C-alpha cells in the first residue's frame, strides 16, 4: 500500500487554451458527423455570442470541472471578457477553485483507483477521490475553515451566494493570493476583479456549507449569516432584465442549467416580457431518456419558453475534451475583440434590498 | 396541429405498489446478472434498512419522478413508515407534487414529441414538455402564485426549505386538499401529516422560486421571507446527530445525493463523530466516466467517509421501472411491520434558532 | 485470494417467467412515463405480434444474455410458439446456451470483481469474467472441443450457421442432453425440436469458431467444412419471402439487429417486393448519438425501408430487467393461444442449394 | 418538404490529420482528468505501438465511421505504415468506403432529422439516414450491384472476406478509381496497395451481402462463391502466429473487437502459445453495465487471457472527436518513422488451403 505522500504526487495541470490554436481543427469538424460536427457548431455559436456585443454570456458549471484541469480555461475566458456571469455548483467554486487559490492542489489517481478498488485504504489515509483524481481531505478541511472565517467576518443578514462569493474574492485579494504574488490565478479572484458575478444556487452543498453550518451552530440562538437562495434567483433575473440578450454556455446540467434557464420565466413573472436565451450550448453525456433535466434537450427547454431554437446545440462529449476545444476555438477566433465585459457585478453592487 | 385540449387528454396515472406483489420476481432476479441482480440486492438492502429499527431512511429524489407516475409510490412509503426524511429537487416537490395536490395533472405526450419535433407548436400552446410528458403552463403559473401566496402569509425571516414546505403541507390541509375530500394524496401532505421533513437544498430552483422572487420583488426595500440553504444543511445534520444510523434511498443523483451524503462530514465538523450512512442505494443511468457526482459510485463516496461499503448498491436502470419494483418488494416483504416513523419533523419543530 | 472452487460456487439461475404474472404491473406502467411506459408499449406490441397469426416472430440476441439468466425465458418462448426464428451472436448460442446444455454453468461474481480489480488473479485461475459473471475456462475449452467434434462429423462443404446449429441440436438430442434425462433445457435443443432456425451471422466469432479453426487447421490442404455467411443471409431472406409479415423482438443491437433488418432489402434485391418488418421492439441502453447501429432508432431503420413506423418501440433498459417483464407479460396474456409455430426450419430443411 | 436534390447538398468532408498537429494539445490533456487524460494515454500507447517495431497494429472498426468523415484518417494511417490489418463491420468497408471509392458521397443531414422527425418523407425520397447523415439509396444499390459483379467474376469456392475485399481493391485499381485519376483515395484501395488485409467477420451483413445473395440466388443449384467466416478467423490467427507482438486500436466494439481479441485463444487452440495483445486501445461510449462486449473493459478481456493489462486504455468519447486527435497525435509524433509496413497480406497471399 503506497503512502499518502506517494499517492499525492502527480498534480492535475490546468490546460492553457492560449497555447492551442484549434480553429482549423474545429472548422474541419464542421463537415463531419456526430459529436465532432455538433462540437464545431457549438464552437461557432459561442463565437457568435461573443460577436453579438449585446449578448451577456452566462457560463453554467456542473460536475467536477475545476479539479479536472479546466480552471485556467475558465479564468482565461473571464479575463478576456468572454464570460459575464457564472452559475455553478458549489463544489467547482469553493471546494475546487477557492481551494486551489488557497494553495492546494488536485492529484492524478492511478487507473486502478477509478472503480473503487482502493477506497477503503483511501479512507484510512484521508484521501478523497473524484473518479480518477485525489484530494487531501486535511487540506479540504482547511478550506472549510476558511469559509467559516469569512462567514464570521460578515454582518449577520441574508446573503445571496453571489455576495458571499464576492467576499471570498475579496479575501483572496486581501490575503495576497494573487498571480502577482506567485499564486495560481483563480476563477473566484478573476471574477472578483472583472465584476463577473458567480451564483451557486445550492450554495450550502459544498465546502462553504460546512463553514456556514459551523458558523450557525456556534451562534445558535443569535443572529446569523444566512444564504438566501431566493435572492440569488432574484439577482440573476435582474441581470436578465438589465441585459435582455443572453447566451448560455453550459458544462453539464443539474441545478445550474435549470436555474439559468428559469430566469426567463422569472422575469416574465416580474412583469417584464423577457426574450428567451438567444444562444445556448450544452456539453453533456447525460441521456435524455431518463427524463431528467441534465440530459433534456435544449429543444425541450424551448417548449418552456426558455431557450430559442435558432442557435442551440447539445454536444455529446465529456467536457474535459470538448470544452478546451470550444473555448480555444472562440479565443483564437478572437470574436471578443470588440467586446468589453458586461460588469454585471456592478449592476448588483448596491446591496439589493429585496 | 392538434389543439391544446386534444394534447392534454391522457393523464399520467401513478402506479400503486400495494397492488403488485413482486417479491418472488425480485427474489428470482437475485441469481441473475447485471441490473436485475443489482436491483434485487438493492431491494434487499432497503428491506434490511427497514428491519433495522434504529435506521432513519432518507429518500433522495432528483429528476422528474413525480410527474412520471411515482407520486403514489412515495406517498405509500411515507404513510407506511418506510421513509423518514426526503431530500429532493424543488421540481418534484413543488412543480409536480404540490401542483397535483392543487388538482392539476400531468399528461402523456405522444412518441412523436419526445425528441423535440413539436416544441415550437407546444410553446405557442403554452404546453411545457418533460421528455414524453406534457404540463399545462397556465396551471403551473397558478401553482407559482400559490407559493407566492404562502410566502406572503409568512413572518419575514430566513426559513429553511423544510420549514417552507411544511407550510405548504399546512396550506393543503387547511384548504381541504385531502384524500378525505376526494383529492389526490400528495407527498407534501403525507409528509406533513407523518412528520417527515422534506428538504430542497436548491429551493428557489422551482415553482416556489418564482413565488419567492415575486414576493421579494414586491417587498423590495422591506424585510422579506428568505430561504436559508445553510439552515437546511444544519437541520439535516441535526437529524443525523439525533439518529446516527441512517440509510439512503436515492433516485438519481444531483444535489440531493450530495447534500444527504455530506451530513456525515457536517456532523464531524460540529464535533460529533458521526457514523457513515450504513445503507445506501442509488438508481441511476448516469455514467461514472464524466466524473460528475450523479454517476459517481457509492464506493467513491466511501473514500470521503460518507457511505459505508458493506450495504451499498448502485442500480443501473431508469427509475420508473426500477423504483416501483424495489418499493413494492419492500412493501410486500413487510419489513417495516415493527417500525414506527421517526417523526423527524418533531426533532426540528421548535424553530431552530440558528 | 479465494480458490477457483470458492469463486465458482453460486450459480446463475435462469428466471422462469411462467411463475411471474406481471400483466397488471406492466399494464400499470402504460400510464407512467419514460422507460416504464415504453416497456409497457413494447410488451403490448409483442402481444399484438403473437395475436397476428400471419406474423413470423424473429428474436434477435446480442450481448451476453444467456449467461445472465435469460436462457429459460427464451426456451419458454420457443416451446410456447412465441418465437419463429432467432438471429444471435455466437456467444449466446454456443459459448453460453450449448455450453450449459453440455452440463456446465455460469457463476455469480462478487461486486468487487465487476470493474476489473481481480482480473489478473482470475487469469491465473483460468476463470473468465463477463462483467459480474464467472465462467470456468477449462469447461469452455471442452465446449470448443465439442464444436470441433461436430464439425469433424460433417460432410465437407459450406454450411449456413443455421445448418451447423441444427447439427448441434441433433448432437444434444443424440447424446441425451434432454430435460427428460434431467438436463437443463436449452435454446439450441428447443429450437431443434420446434423447427425454429437459429442464425449466427458472425458464427466464427464464438466457441464454434475455435472448433472450426481447429478443424480447418487439421485438414489444411484438404476439403473442409466452411461456414457461408452469405448462405445465412440468403436463407433468412427466403423466410421473409415465404412469410411476408414479420416482427422483430430485439435484445441489444449489433450484427443481429442489422442482419434481421436487412432481409427486407435483400428480398427486394431478389425481385420480391417485401413488406417492411411490421412490428419491431428493441431493448437497449445504447445511445443514438454515436451514430452506431446498436443505438440507432427504429425510426432511422424506417428511412431505409426496413421497419414500419406504426408498431415500433425502443425500450431504454438493461435487458435482464426489461426482457423478463415483456416476455412474462406476453406469456401470461396468452396471445399465442391461437398460434402454432411457423416451423421455419422446415422451409429450409432441404439443403438449400445456393 | 425539400426535394431529394436539396437534401443531398452538403457533403461530408473527411478530416485530414496531416493538417492538424495536436501533439501539444494532447500532451496537455495527459495531466487533466476523465476522458482527456484517458485520450492522452491512449494516444501515447498508440505511439508506443508504432515505436515497437515488432508490433503488428490491428485496427478494429465498428459503428459508421467512414460515413462520418474518418475515411481519410484511416487511409493516411494505412499509407504511412501505421496500421497492419483491419477488422471491421462490412458497412464501413463496403457500404461506405468502397461506395465513396465508386464516386458517391455522404451528406450532412440537418439537425431536425437526427431524431426521426422526417423519416417517412426520407423513405419516399429513397434517402437513407445514419443519425445525422444522408445516403442516396439509389447509389447504394449501384454499390450492391458492383459487389455482385465482382462476385460473379470469381471462381466458385469459399473465400475469406479478406480475399473478397482484396478483389474489391483490385477492381478499384483495374477500373482506375485511383487518386492519380482524380478519385477519392479509399481504405480498400490503400490496403490493397499496401498489403494490409481487411477482415469483415460478418461480411454478408452489408452491401456485399446483397451482391452475394443475388449471386447465390441466380446460381441456385450450381456451385457458388461463398464467404467462409471460419477462414477469416483462421487467417487472422495465422497473422498472430506469424507476428506474435500485436496491438489493437479499436473504434467501437461489436464483432470486430471480439474477433480480434479472440485470435489469442485461437492460436492457443492451434497449439501455439500466443502472447496476449500487448497493447490495446478502445474508443467507445458503450456502457459496461449491460454486460455486453462492446462496453466491456479491456481488463475484463485480460481475465480471458486476450489483452495484457500493462498498456491498455479505454477512452470514453465519441470517435469522431477522439480518433482524429489520437491519430493526428501519432502521425505528428512520427513514431512510425522507423517502421515499415508488415505486409500481412503477403503472409496470406498464397490461397490458404484450409
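Labels for the chains are A, B, C and D, by order of writing; each one numbers its residues from 1.
Going forward, contacts are C-beta pairs under 8 Å (C-beta built on N, C-alpha and C of every residue); 3 or more make two chains touch, one makes a residue touch a chain.
Which protein is which chain? UniProt says A, B, C, D = Deoxyhypusine synthase-like protein.
The structure displayed is predicted, hence computed values, not measured ones.
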Co-neighbours of subunit C and subunit D resolve to A, B
Third chains touching both subunit D and subunit B | A, C
Which chain pair shares more contacting C-beta pairs: A-C, or B-C?
-> B-C
If you line up contacts by residue number, which pair in B-D, A-D or A-B shares over half of them with C-D? Let me know.
-> A-B
Averaged-CA centre spacing for the pair subunit C and subunit B, given as whole angstrom | 40
Taking each chain's mean CA coordinate, subunit A and subunit B are separated, in whole Å, by 26
Give, as an integer number of Å, the spacing between the C-alpha centres of subunit C and subunit A.
-> 47
Within subunit D, the set of residues that touch 2 or more other chains is 33-35, 68, 114-116, 130-133, 285, 287, 289-291, 316, 318-320
For this assembly, give the contact graph shape among line, ring, star, complete and other.
-> complete
In their complex, what parts of subunit C are in touch with subunit B?
-> 10-16, 19-20, 22, 24-25, 28-29, 31-37, 39, 64, 67-70, 106, 108, 130-133, 285, 316-322, 324-325
Residue ranges of subunit D in contact with subunit C within the complex | 62-64, 68, 89, 91, 114-116, 119-120, 122-123, 127-133, 137, 141, 144, 158, 201-205, 209-210, 212-217, 219-222, 224-234, 237, 252, 254-255, 258-259, 262, 265-266, 269-270, 284-294, 296-297, 299-300, 302-305, 309, 318-320, 352-354
Subunit B contact footprint on subunit D (complex, rising order) = 33-35, 112, 114-117, 287, 289-291, 316
